[in-house]
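In the two complexes below, subunit A is the common chain; its partner is subunit B in one and subunit C in the other.
== the complex of A and B ==
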């Protein structure tokens, strides 16, 4: 069964949020995935300036793991590590999470570029995630 | 009586100038978070917000009376209806309900439906049940009513931000101030 790992990375490559789908799967080898994600950040930076879209599609591969990314106007990076290729679902997932992220930004108690601790955000991302993956 | 004010509230709301609600919400959010940074003590922040509201209220009542054309209310029950149906509608564009009157008709609860001040806001856990985020509204009501000879005390009893199901303000009429006669006129 293939898993999806979703990460939000801040402006200075600091992690803001992380979740895995399907949620029931026991966490394992997370550090490997983090390592892969970290390694792809530079490639994201390269792609950002080549495209007008926020959704950058698959930008990197590491063995079986493919990395899709989405970069907001404020240079917050959304990364998704996946094994199956399903661009439509991934794109829709990114767009919906982006909407949620915008709401979080409008919350006066959330500081820009700080980890997202909101439980409401977490619950909604889980819902979107289970819908697509 | 309530119907009449419902309609009046809508009429006045259609007449007054509007501003972008996101700008309004974000401005208020920035204000509250700045107060928290400056005072560090949540109790102080509640007090400050109330005082700011008071200063708004004593001015706003003039505008309110001028635009709505409402005259003197016959009793406190009518006053409550006017605040809920016309006042809140006119300035915030929301509906509020009056309920839970006490036996002496001197105390009621005002329930606010979708308060625009708290759009997008999510209180961090350490502020829940401590910070009354929309406390400025209490001050506005106190200030406005004081200018029409009613001394009231307003407190937030429930807030949706602190996981309550509704936002409720308790309003208590403490005394009706007598019109002051200037010295030498009696």
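== the complex of A and C ==
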């Protein structure tokens, strides 16, 4: 069964949020996935200033794992690590999560570029994740 | 001539087989139906059907004479209520030409009216009263000025506040647009989309020195200065604190796009503001 890891990376390459679908990934594997995501940040940075699109599609591959990326106007990076290639589902997932992220951002009690601790946000992302993956 | 507020007129219209009594007081109608299912709806209650997405007075459910720059009437005909009667709101005793139910006092064919009721209700955006916002803005600046030890500290606070608002607001506005790798595209976005959202008008002039990274934005009728009055005998007519927040807005918006900049401004004549954006290399 293929797993999906979704990460939100801040402006200074600091992690803001992380989730896995389904939640059965072993600890050891989690570190490997974080390492892969970290390695792809430079590639995202290169693509951002070349492309006009927020959705950057698949930007990197590591063994079987593919990395899709989405960058908001404020240069917050959404990364999705996946094995199956389903671009429509991934794009729709990113768009819906972007909408959720905006709602969090417009909350005056949320400090910009700080980790997202909202349980409501977490629950909604899980719901969107199960809908598409 | 009698005062319109002292003599409320009551008009009765037959809508889809039901009699609807409409009280029009001073040109603002509150629909009242004698059918059991239809609730009494005041103009302000209609806002439950709409969504907020801007910072201006246009289309606000509050009557026009309480607004600044408001020139459109709120047409609520065709909205179906539980009792089946269409609600209608008149503003300043002028009936909109697009109004399907026509003048309240006139009888219209039942067939035509029933067609009107079957049309889907198109939601109009609920917007903020510009006068309310401006009063709030003046009070906010007054509060910050009083709580600060000197003018420089107050300006820093306003700049920081504007930065936060601009940073978040521009993220929301650029939801459906592409990224801006080019500096000029980002500035154009601020001049058109961003300025229109905040002030309901685009920037009047944009001059660029692209190589030097300098952009000069001119607003000849800066909305937040237009309604300020000065004591004619006063020697000091400095009102820079009312513009500092906007400089912060621009700085926050540019920062969100990934361009660090310094924003300065100059107030010319009564309400002409010139903002200078200098990109930090």
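Here are a few things to note about the model shown:
Note that in this section the second predicted complex is superposed on the first by the 128 of 133 C-alpha atoms of A that agree within 3 Å, B and C clash if a C-alpha of one lies under 4 Å from a C-alpha of the other, contacts with A are read in each partner's own complex, and residues count from 1 in each chain.
FYI, contacts are C-beta pairs under 8 Å (C-beta built on N, C-alpha and C of every residue); 3 or more make two chains touch, one makes a residue touch a chain.
Computed from a prediction, not measured in an experiment: that's the story for all the values here.
When the two structures are aligned on the shared chain, A:34 is found in touch with neither subunit B nor subunit C. In the superposition on chain A, A:54 contacts subunit C only, with no contact to subunit B. Touched residues of subunit A, counted separately for subunit B and subunit C, are more numerous for C.
Once chain A of one complex is fitted onto chain A of the other, the partner contacts of A:98 are limited to subunit C, with no touch recorded for subunit B.
After overlaying the two complexes on the shared chain, residue contacts for A:109 are found with subunit B alone; subunit C is out of touch. Of the two partner chains, subunit C is the only one that A:74 touches; subunit B does not reach it. In the superposition on chain A, A:118 makes contact with subunit B only, not with subunit C. Counting contacts as defined above, subunit A residues 106 meet subunit B in one complex and subunit C in the other. Those residues of subunit C whose C-beta lies close enough to touch subunit A in the complex are 164, 167-168, 170-172, 174-175, 177-181, 256-258.
Interface residues of subunit A facing subunit B in the complex, by the touch rule stated above, are 103, 106-110, 117-118, 120.
Against subunit C, in their complex, subunit A makes its touches with residues 48-54, 71-75, 98-99, 102, 105-106, 112.
By the touch rule above, subunit B contacts subunit A in their complex via residues 22, 25-26, 29-30, 32-33, 119-124, 127.
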